[in-house]
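First chain A sits with chain B, and in the next complex the same chain sits with chain C.
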Partner chain A sequence: MAGSILGNRVLRKEDPKFLTTGGVYVDDLRDEPLLVGAVHATFVRSTVAHANITSIDVSEALTMPGVVAIYTAQDLGLQPVEASFNPMAKRTLLASGKVRYVGEPLAIVLTELANQGEDAAERVIVDYDALEILIDVEQAMTSSTLIYEEVGSNVVFESTAIGMPDNTGDALFADCEVVVKGRFVNQRVAPCPLEVRGAAAAWDNGRLVQWLSTQHAQGARDAILKVNALEAGQVRVITPDVGGGFGAKIDAYPEDLLLGRIAKQVGKPVRWTETRSESMVALGHGRGQIQYITIGGTRTGKVTAYQLHALQDSGAWVDIGAILAPYMTRPMASGVYDIPVIEVRTTSVATNTTPMVAYRGAGRPEATAAIERAMDLFALKLGKDPAEVRRINLIPKFLEPFTTSIGQTYDVGDFEGALDKVLEASNYAQLRKDQAARRASGNTKQLGIGISVYVEITAGNSKGEFGKVEILPNGRAIVYTGTSPHGQGHVTAWSMLASDETGIAMDMIDVVWGDTDLVPTGGGTMGSRSLQQGGAAVHQASKELVEQARKHAARLLEANEDDVVFDKFTAAFHVAGTPAVAKTWADISSALATDGGLVQESNFVSNGATFPFGAHVSVVEVDTETGKVTLIRHVACDDAGRVINPLILDGQIHGGIGQGAAQALLEEVRYDTDGNPITSNFADYAFISAAELPSFEVIHMETPTPRNPLGAKGIGESGTIGSTPAVQSAVIDALTHLGVRHIDMPATPERVWSAIQSAN
Partner chain B sequence: MIPAAFDYKRASSAAEAISLVGQYGDEAKFLAGGHSLIPLMKLRLAQPAMLIDIGRIKDLSYIKDGGDFIAIGALTRHMDVEKSALVLKEVPLLAHAAGYVGDAQVRHRGTIGGSLAHADSASDLPATTLALGATYVVQGPKGERLMAAADFYKGFLESALQPDEMLTEIRVPKMNGAKWGFEKFNRRAQDWAIVGVAAWRSKDASGVALVNMGSTPILATSVSAALKSGASVADAAQLASNEAEPQDDLNASSEYRVHLAKVLVRRALEKASA
Partner chain C sequence: MKVSITVNGTRQEKDVEPRTLLVHFLRDRLQLTGTNIGCDTSSCGACTIHLDGEAVKSCTMLAAQADGGKVTTIEGLSKDGVMHPMQQAFMENHGLQCGYCTPGMVMASIGLLKENPNPTEEEVRLGLEGNLCRCTGYHNIVKSVLAAAKK
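And now, the complex of A and B:
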């Protein structure tokens, strides 16, 4: 794209604000007129994991300083609502009858000041009748204690029940020369956005206005409408700056949904911001699969059959987390490999834990981790190099759609190309020599090299995305988007896309999102969809806007439309050959000021999902005396199709690798045997920091997709998907000569040390 | 995450602080840098009714040469201990350990006296001063008393300080060129140690103390005794946990802690013997 701004490392327009005065988050809305006199909501939460509620006594709490009101499910007459993905599972938005996890909201305390809420909430006395606590998925599957009695089982979603074929067991591997089995735990992790959840609600002339920290304002608006039985148009959701979501802020939570109702009841606006300790138990969690795999093939290294049974921890609700296994893990199960026979069954199980939601990668990291670990075990059994065994099995480069044996069609791919790049950049052959030397010397710091090759699915939803570009009479452009940034850099990227078509300077373009009055339709930001759907909509609207403006310019220039050309460099329209007489964007917009202005709306519908892919090589040092792992190198090649802004791309890759490495090495949500969370602050939950990470080595590769005019695929989750298995495999690879075959994540020092002890 | 209600008074001298704490007794807590106490209050694990802020008592922030020892005012920030030329020269083990407390922000606010008086066995400085044979100066309504670090730690977050007493100075014997090693084993840079070791060794003596190997910092006297009677570093390190009572927690089992203590004591002593 010669002469185009696209593809350049354009500095982010957002950053001066974020780095100086800071963002304006929900809790910062101190000057909002509609929120004057707001009371503060504090949620009383269950302190036990599974119990029948025998009574909730608010009498003492009502006498505490500043208390305005306290509401329970009974006070509000809350009716049971069905889980989206299993209508038999029903709950009230505030727990009634029973509680199902520590952290479940039970009552709302409204106080004049925020700090009064916590004191008052402590005085709400809840009596419980304890039930058997089910934290472990496999225990929950077999227990006669049911978390949702009406479901009749703790299995809340089963792939075979929706017509997906069952696994056939060991018979599938009858013809294989080599068969390896494994059980892998893809542990539960916490998304940990730096901004916790928050919302504020006010009624304005019969309309509910709700500010919300969300990834999807339009979805939240619809959910709030439904809960409050309001009609279309009666709810406006406004998204201020959002400090991260990672998938956990896609859907509105019970706390969000109740706020408007409470504001009406009490006749005052209501604010709510959770604490970090609350967020760690009440914001959804991610991952949480136990994976049983069998892989089989020939002695020469060709994999001929692969079978996966994924037990998905659904947590105490049947939220989106429960269905990612059948719909996201299953179709991506064979990853980048051409495996003739694949079988996948998924079983989602309710437990007495925080509900599971979508978390960065959402089902695909789990698929990748399983097949990549399986491939390593297969290679190890054969005594072959894991890179070579992968190469034997990779789907060859394809630029026309390729359908895997489980029935998923990929757009384009060059998996071997990506693998070659990382092997070369990491100097893989030399790394293996270094490893051999350390092994020979008996060094206590052993070297491990992990490889992962992955493909993932992004933007599978084809309902389309909204984009609109409006030109003001002063020549400034406003871009409206149905996507919703919470750290990604949409303002910069969307400005680049609009600027590239209209010639309008970057600093003359503003971007609007997340206000449902200004952007009534939109799919939000999730699943790495923004650029390829929202960006494509902005691109399309901008292109159409130029065409529309050309017609207006012809009229103003009193020229034949076909003779009018658009000069992107001067951002003006003129008759071919006479550039001195030109109409600028401001001219055209001014001329249309009383005629609806100069606006172009667009709905972009892609031709289907895209499949970003890549390869990672990770190098670790493992202290064999203590089990401590140090990540010393990480080389990543992530192909997201055409790159609009390499700076933003690198940022996504860096963050993704950090978060993925954190799952491999550090992070795990844990409960004690009574179902009490024991990792509910950042001292106990091992959120990764820069000090634990090396400088990343990022290699660019661009295989454009034909599925949108930008040629772009998603990059938001790739880093996470590719890095986790590479880091995990590196740890194990450092110790295979000692007999270690597998170590579950996170590879904590004690776990690694124990693996060495038991291998000896 | 919001502390329970409390009252607040600021003291401008040690005497005023002691007088104030005498008025409020058990209900009161001294607030210095706040980096141990405030997190506990936010989690409501500590709910003092009165905070006596001693953070602005200027004359308790100093590092002086006391002849045989270095005298450090209780309100001296970790960063000042870490960077002090005097500490680096005379007690380099302490300067080094101070550089491992929390992260840079914590080290700019937290104080040595606050850390020691908090008596957290998982903190780096109680064990380090214990290994170095420090003496703590304690001031109470009736005057001053001196207490050996070895007599100071009584239990989990429990010291020998009376409610109306205040730690005012830490006297750390000069190391006189003794070599030393410090091992902090943790998962993330800013975390508390899973196990830590502070050790020094001279021609005829040594000091080895363990972080997070019991409810108090542990002086590994068996290791020093073995070294004195001629044991090798490797053999002496096998005795690392003789005095310890390690607990199971989120990050490690007691069995693993015992193993780590042996490895880390050996490594620290190898550095101290190099």
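And now, the complex of A and C:
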């Protein structure tokens, strides 16, 4: 596309602000007139994992300095609300009757100053009557103690109960020459956006205005309307800068939902910012699957059958984390492979732990990890190279839709192409030679090489996305989008898309999002959907704007519309052959100033989900004496279709790899047997740092999708999906000659050392 | 108690509670909200500032301990509208995404180069171990610091 800005490495327009004054996050809103005189909210949280509440005594806390009010569920008359994905499960937004996990909000303390809240909250005395604590999913499945008694079981969502076929057991593998079984733990991790949750609420002439750190303002607005029984138009949600979300800030939390109500009750604006220690137990967690797999095939390496039973830890609520297994893991179970028979059952189980939500990849990393580990075990059993066994089973390159045996249709794919690229770039053959040499010499630093080939699903929701472009009389453009960036660079990328169609300079374009008065409809940013849906909507609105403006220009030029041409280079309309007499965007907008202005709204609906894919090779060094793993190389080839800005694309891939490697090597949310979180701050949770990662080697590949006019697929989650199993497999690969077959994530020194010891 | 701290070139005299952390003094008393708080265990480095030319985590010390000192925050780095070379390097190398760790990361990186003007990649990675980022996988942060060292 000669002359187009698209595809260029354009520096981000967002950056000068972040680099010179810092962003304006919700806790930075100091000059907001509506928040003058705000009181500060602090939540009293359960310190036990499962218990009946016998009493909540706030009398002493009320005497603490600065306390304005304290509210419990009873004080507010809170009624039970149904879980989105299992209406039998009900809870009140502040716990009443019983608590179900450490960190569950119980009461809200309002103080004049922020630092008075914690002191006062500590004086709220809660008496509990202990119940059996269920932390382990498999224990919870069979326990007679029920976390939600009305559900009748701790199984809160079951794939067979919604009509998906059950697994048939070992019968599926009767014809297989080789069968391997495995049990993999895809552990619970914490999303850890650097900015914790926060919000501020104020009433303005009967309307609730709420600032919220969120990925989806419109969704939060609807939830706040519903919980407060308000009418449409009575709530405005405004999204300030958001310091990361990673899926955990998609849905509004009880704290978010209560803030407006509290502000009304107390008659003052209310501000709330949690601490990191609170965030680690009250912001949702991700992953948390136990996977039972069986894989079978021929001695020559063809996989003919695969079966997965995923036990999804739902935590103490039936949030979106409960349904990712059936709706995301299951359809993607086949991965990049042509496997004739696949069976998947998923069972989601409530436990006395922090509720599970979406976390970068949300169900797809789990699918990929399961099939990739299974493929490795199968290759190992056959004594074949894992790259070769993968090649035998890959779905051949397809440019027409391909449907796997589990029933998922992929758009386009060239999985072998990605594998070839990554094997070549990593110099795979040489790596294997280096590995053999270290093994032969008995080196205590063994080399491990992990391969992962993946495909994932993005933007499956086809309800559409909102985009609007408005031209001001001074010629500046304002782009309105229903997506909601929190690090993804939409201001830059959406400006590029608008500039490419309208010819308006990048620095003459502003982007607006996340304010439900200015952008009433929108799907937010999640699931790698933004560019392919929100970006496509901006692209469509920009194109339609040019056509609309052409009509106005013709009128102003007193010419026939068909004779008017648009010159992108000068960003002006003129009659063909007479460029000297032209109408600029400013001219046209000015002419329409009293006539509604120059505005184009669009709703973009894609032709269906897209399927980014790729291949990763990871290289680790494992110290066989200590179990310490060092990630020394990570080579990634990710195909996200057409690339709009390679700078931003690479950034998304890097971040994804970092988080994937973190899960493979370091991070895990852990509880003791009493349900106490033991990783509830950044000193105890092994958040990955720069010192534990290498620079990444990123290889580009572009297979455009036909499902949107941009040809773009998602890239936000690919890096995580591809990297996690590659890094994990690399660790195991370093030790297979010692008899090690599997090590669950995270591959901590202790686990690796123990695996070596038990293999000996 | 009374403290007198020169912040970004301006002398600030304020009465503070003795327990006031320097980061709260900057954010709540001076409204310098560019410096962020990301944790409560001095682990994340989002609050890194310069005290008398040295990078420190402003959540790890009291405002009283900075009495008489000179503090620079992210807001004080640019001179006459021109970004500091480290800020420029972060921009040119896409060393930031959501921006939350960025002020602390930039301040820590400047501190790192002051101590070691020509670091290797490994030295940059070890030097930034106390500054956490969830978005970038650190790749472009490290690249930014190495690029700034060459300027």
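The criterion applied here is as follows: the second predicted complex is superposed on the first by the 760 of 760 C-alpha atoms of A that agree within 3 Å, B and C clash if a C-alpha of one lies under 4 Å from a C-alpha of the other, contacts with A are read in each partner's own complex, and residues count from 1 in each chain.
Quick note on the criterion: a contact is a pair of C-beta atoms (placed from the backbone, for glycine too) under 8 Å apart; a residue touches a chain by one contact, two chains touch by 3 or more.
This is a predicted model, so every value here is computed, not measured.
In the superposition on chain A, A:Lys628 contacts chain B only, with no contact to chain C. Looking at the shared chain after the overlay, A:Arg741 reaches neither chain B nor chain C. Look at A:Thr275: by the touch rule set out above, it reaches both chain B and chain C. Once the two complexes are overlaid on the shared chain, A:Asn681 sits against chain B and chain C alike.
In the superposition on chain A, A:Arg432 makes contact with neither chain B nor chain C.
Of the two partner chains placed around the shared chain by superposition, chain B is the only one that A:Glu118 touches, whereas chain C remains out of contact. In the superposed model, A:Glu750 lies in contact with chain B only, and not with chain C. Once the two complexes are laid over each other on the shared chain, residue contacts for A:Ala691 go to chain B and to chain C alike. In the superposed model, more residues of chain A are touched by C than by the other of chain B and chain C.
Overlap of the chain B and chain C interfaces on chain A: residues 114-115, 275-277, 681, 683, 689, 691. Remark: chain C residues 24, 28, 31, 33-41, 43-44, 46, 74-75, 77-78, 83, 87, 90-92, 94, 96-103, 106, 121, 124-126, 128-143 touch chain A in the complex. In the complex of the two chains, the chain B residues touching chain A come out as 1-2, 4-5, 39, 43, 185, 187-192, 194, 250-253, 256, 259-260, 263-264. Residues 11-12, 14-25, 27-28, 30, 114-115, 192-196, 241-244, 246, 275-277, 486-489, 647-648, 650-651, 654-659, 661, 681-683, 687, 689-691, 693, 695-696, 719 of chain A are the ones touching chain C in the complex.
By the touch rule above, chain A contacts chain B in their complex via residues 114-115, 117-119, 275-278, 625-626, 628, 666, 670, 678-679, 681, 683-684, 686, 688-689, 691-692, 748-750, 753-754.
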